[in-house]
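Two complexes follow with subunit A in common, the first pairing it with subunit B and the second with subunit C.
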Partner chain A sequence: MKKKVNNTICRCEEISEQEIRDAIRKFNLRTVDAVKRLTRAGMGLCQGRTCTPLLTKIIAEETDKKVDELLPLSKRPPVRPVKVEFLAREGEQKLD
Partner chain B sequence: MIKRADVVVVGGGVIGCSVAYYLAKKGVRVIVVEKKEGLSLGASGANQGGCPLQLFKSPVLELARESLKLYKNLAEEIECDIEYENVGSLVCSVDEKQYPDMKKHFQDKRREGINVRLIEGHQLRKLEPTLGEDIIVGVEEWDSYMVNPFKVNYGFAYAARKLGTEFLFSSQVKKIERDKERIASVITDREKIKTNFLVNAAGAWASEIGKMLGLTIPVRARRGQIMVTEPVPLNKRWRYILDADYLTTAFDLAAVEDSKEARIKLGVAGSYIQEKSGNWTIGSSRDFAGYNNRVTMQTLKYMAKRAIKFVPKLKDISCIRTFAGLRPFCYGDGLPILSKIKSPQNFVIATGHAGEGMTLAPITGKLIAELITESGTSLSIDAFSFSRFKNIN
Partner chain C sequence: MGLELKKCDVIVVGSGPAGLSCSIEAAGCGADVISIDENGRPGGQLFKQIHKFFGASQHRAGVRGFDIGLQLLEQVNKLGVNTLLNTVAYGIFGQKTVGIIKNEKIGMIQGKKILLATGAIENPVVFSGWTLPGVMGAGAAQTMINIHRVLPGKRFIILGSGNVGLIISYQLLQAGASVIAVLEAAPRIGGYQVHSSKIRRVGVPIFTSSSIKEVKGDKEVEEVVIVRLDDSWRPIKGTEKSLTADCVCIAGGLHPSIELAQMAGCDLRFFSELGGHLPIHNENMETTVDGIYVAGDTAGIEEASTAMEEGRLAGIDMAQKLGYLSQDKALRKKEGIRESLLALRSGPFGCLSHAAKSNILQAMKTKRGSKILF
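For the complex of A and B:
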């Protein structure tokens, strides 16, 4: 049996390297998006800004691929967190 | 390369994977063909995971009831924690004019045997202080559930794979070969698969598969936009709150198209769900924009405005992510299509679930597996037959 690895990969959602490797193996995951969706890694406040490179590297290792062969994480707006109230007012006031 | 299957399922969404699982359980050799690089990349991956009972009317209500029963033991069955959780639901109104409609909704649901309760606005706020002052009345029930949609989709695939199902990714159906009244094989851009049955679970893209056989499948992509907030402490009582407008915008296409109100025209009627993690998902909108699955600022604005009316504290919470999905909406009558057809005889359609695919996935998989392997189905699916569209085919 392989040694358990407990490094925290996603700090926002507190997801460990082991959880990520387990999910990749169990669900046969091949993309950063899929890993994000199954583990929540990259779903937190920073939206994967910190953990995406680490995630990519783990997936590459698990799937015997090169990092640049993997699809990049899809970007979803907003770029940084914005208050719901701000979205409600969009267009009624200047953005600056 | 030539492959062989008993059944080819087109589509790696929750419907396709559920169909594959229930077939594989019966010993059927299934190949799932998915044009994208992974599962859950259409409507199944862009929804809130709510399975609400009080929103359904017969004949879909019967399906929903059975589906929720199947969900009960699903996690154990497929060996995947799908985060199935009883959260109940609260449909509420901020419009005095809707009061009689709410009362009628309450009476209708009661007649259908759903354990609903009508609660006046001031009482609602006592039970759940986070609800807005504008809410005049609500209808609650406790037979609604919530699931993690990704886990359901991938869980079905995991269990199906263990039973021998093969998944082909980045593999798009290009042609369907016929031998008289039957489909003989499916040709993708990568392989040829000889098969005894073909299941069209392509969701919003189902009509494209139909076209290859000269059929008009009256399903169109209906875009739904959703925003996700940062996690905050959990609501005391209700974590699944719906705008009464949902009852019309989701199910009554004419009401949306005939409306003079810009918000209704975009199909914006809130469904506010707080996940166990504390994040709120704010949904949803409904418009037809071809295969465009981007969010728009205008729609998000209406959604955010409306959300604040129902749950005012949302205004100070940050939105961290937005996305949109394309739901397979049957413009014929808004109902799913779960059906074999006359010709080709071995073509099965399982789509048109619109915003209810997650709720209806287990029962759909079970019934379609029965339709293929048995002489009849355990629940009548006559109301979902493709023959109801004979005027267009």
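For the complex of A and C:
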């Protein structure tokens, strides 16, 4: 019997292992992207840099897949935290 | 839009051993290179590596990592490579444009060729209490002691006995900390014996078939409960042991940092020996996207010595395709590097990388037919 543990998986968005497992079962989720969209795990400041391998492992367990069968989180800019202010200033300032 | 667009021949994202080596080769042939790094100093992980490299002398055995870093920097400076530090590459866009942020300003650089050498990310390991302050990646602890000269704790438990775990243990001892134990889930030590012997000689115990069950503490790490594992890596009840510690370093391996390659549309495959998903590439390190190259840990987790050779391969190929280097000269240079890579990838650890790297080339061939052969 597995001991009931509920560790935080995504520290940026404070999403627990149980929340992720529940979401996968309830909504029949099959991909890392789907879990991210539904739970916000991997959607925070670090953009899943830490928790993606953990999410992948959990999804693989829940769906009886191997981790290599699951695609990594899709990526879009910005890949690092960027203040909206900088993007808004685009067009006004010139680079050194 | 008034946004300035800088143009150059080659953009190198990440100025670690792979990126610097690529810059040196490409700029050495006359290409106009811009190299980017998010840190205040180039060199990547080399400046954390206060230990001597070993192997053959052609691969700079006996030289310490930071000295190799200094040598590379000297060459880059001599060649006048434009190095943008404290600069974040936040995205990669069409027509080989890289979006950057420097000094709180946004900018765009367009290159004819791009090398993505963004390194790797440490793998997390989850146990009860893993989010307590004091639990950190082994690489993070190494950055703190060797770069910032800050000791993050007094009594350390290291989880993972690969080379990273063993080397950080030794360096923590050198920095004045106590290493209470090194834990390894597998039945045997993961890293080189030369590293494990160093810490065993000074009495640091390495517990194999063991892991962390729980880390306890009110506001930070105070106690670490370790447990023995059975053959299927399941905790054995009744074998728990409590150790007093204030810091836990997780050395659970690395996975390639591939965000920009994904964004560029590079084809990915999973190679467990090389850390996970990575952009497949040909023998010149070019990905499935024309003109976009990968090298170093981004192209599969290996070591600084292989990263430098891969970076060189990419730089030479870029210089050749941009017309700065004749085909003959390029071929000769590449041949030498491939021989060197073959030597680096021999032995019990290297041969696994070699096999995986051969599979990457095979994957490329099935992907793009014979196109990649010339």
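As a convention for this text, the second predicted complex is superposed on the first by the 86 of 96 C-alpha atoms of A that agree within 3 Å, B and C clash if a C-alpha of one lies under 4 Å from a C-alpha of the other, contacts with A are read in each partner's own complex, and residues count from 1 in each chain.
The rule is simple: contacts are C-beta pairs under 8 Å (C-beta built on N, C-alpha and C of every residue); 3 or more make two chains touch, one makes a residue touch a chain.
The shown structure was predicted, so the numbers you read here are calculated from the model rather than taken from an experiment.
Per the definitions stated earlier, placing subunit B and subunit C onto a shared subunit A by superposition produces no clash, and the two fit side by side. Touch criterion met: A:Pro77 reaches subunit B and subunit C at once. Legend: residue contacts after superposition of the two complexes on their common chain; A:Leu87 is shown touching both subunit B and subunit C.
In the superposition on chain A, contact is made by A:Thr31 with subunit B only, not with subunit C.
Legend: residue contacts after superposition of the two complexes on their common chain; A:Leu45 is shown touching subunit B, with no touch to subunit C. With both structures placed on the common chain, the touch criterion links A:Asp68 to subunit C but leaves subunit B unconnected. Of the two partner chains placed around the shared chain by superposition, subunit C is the only one that A:Pro53 touches, whereas subunit B remains out of contact. With chain A fitted onto itself, subunit B and subunit C come no nearer than 7 Å, counting C-alpha atoms only.
Across the two superposed structures, the residue set of subunit A contacted by subunit B and also by subunit C is 47, 71, 76-78, 82-83, 85, 87, 89-91. Of all residues in subunit A, only 26-31, 33-34, 37-38, 40, 43-45, 47, 71, 76-78, 81-85, 87-91 touch subunit B in the complex they form. Those residues of subunit C whose C-beta lies close enough to touch subunit A in the complex are 1-4, 6, 38, 88-93, 99-107, 121, 123-124, 126-128, 130-131, 255, 258-260, 262-263, 268, 270, 272, 276-277. Contact residues of subunit A toward subunit C in the complex are 5, 7-9, 11, 17, 47, 49-51, 53-54, 67-68, 71-72, 74-80, 82-83, 85-87, 89-96. Note for the complex: subunit B touches subunit A at residues 37-40, 45, 150-151, 154, 157-158, 161, 167, 169, 227, 229-230, 277, 282, 295, 297-298, 300-301, 303-305, 307-308, 314-323.
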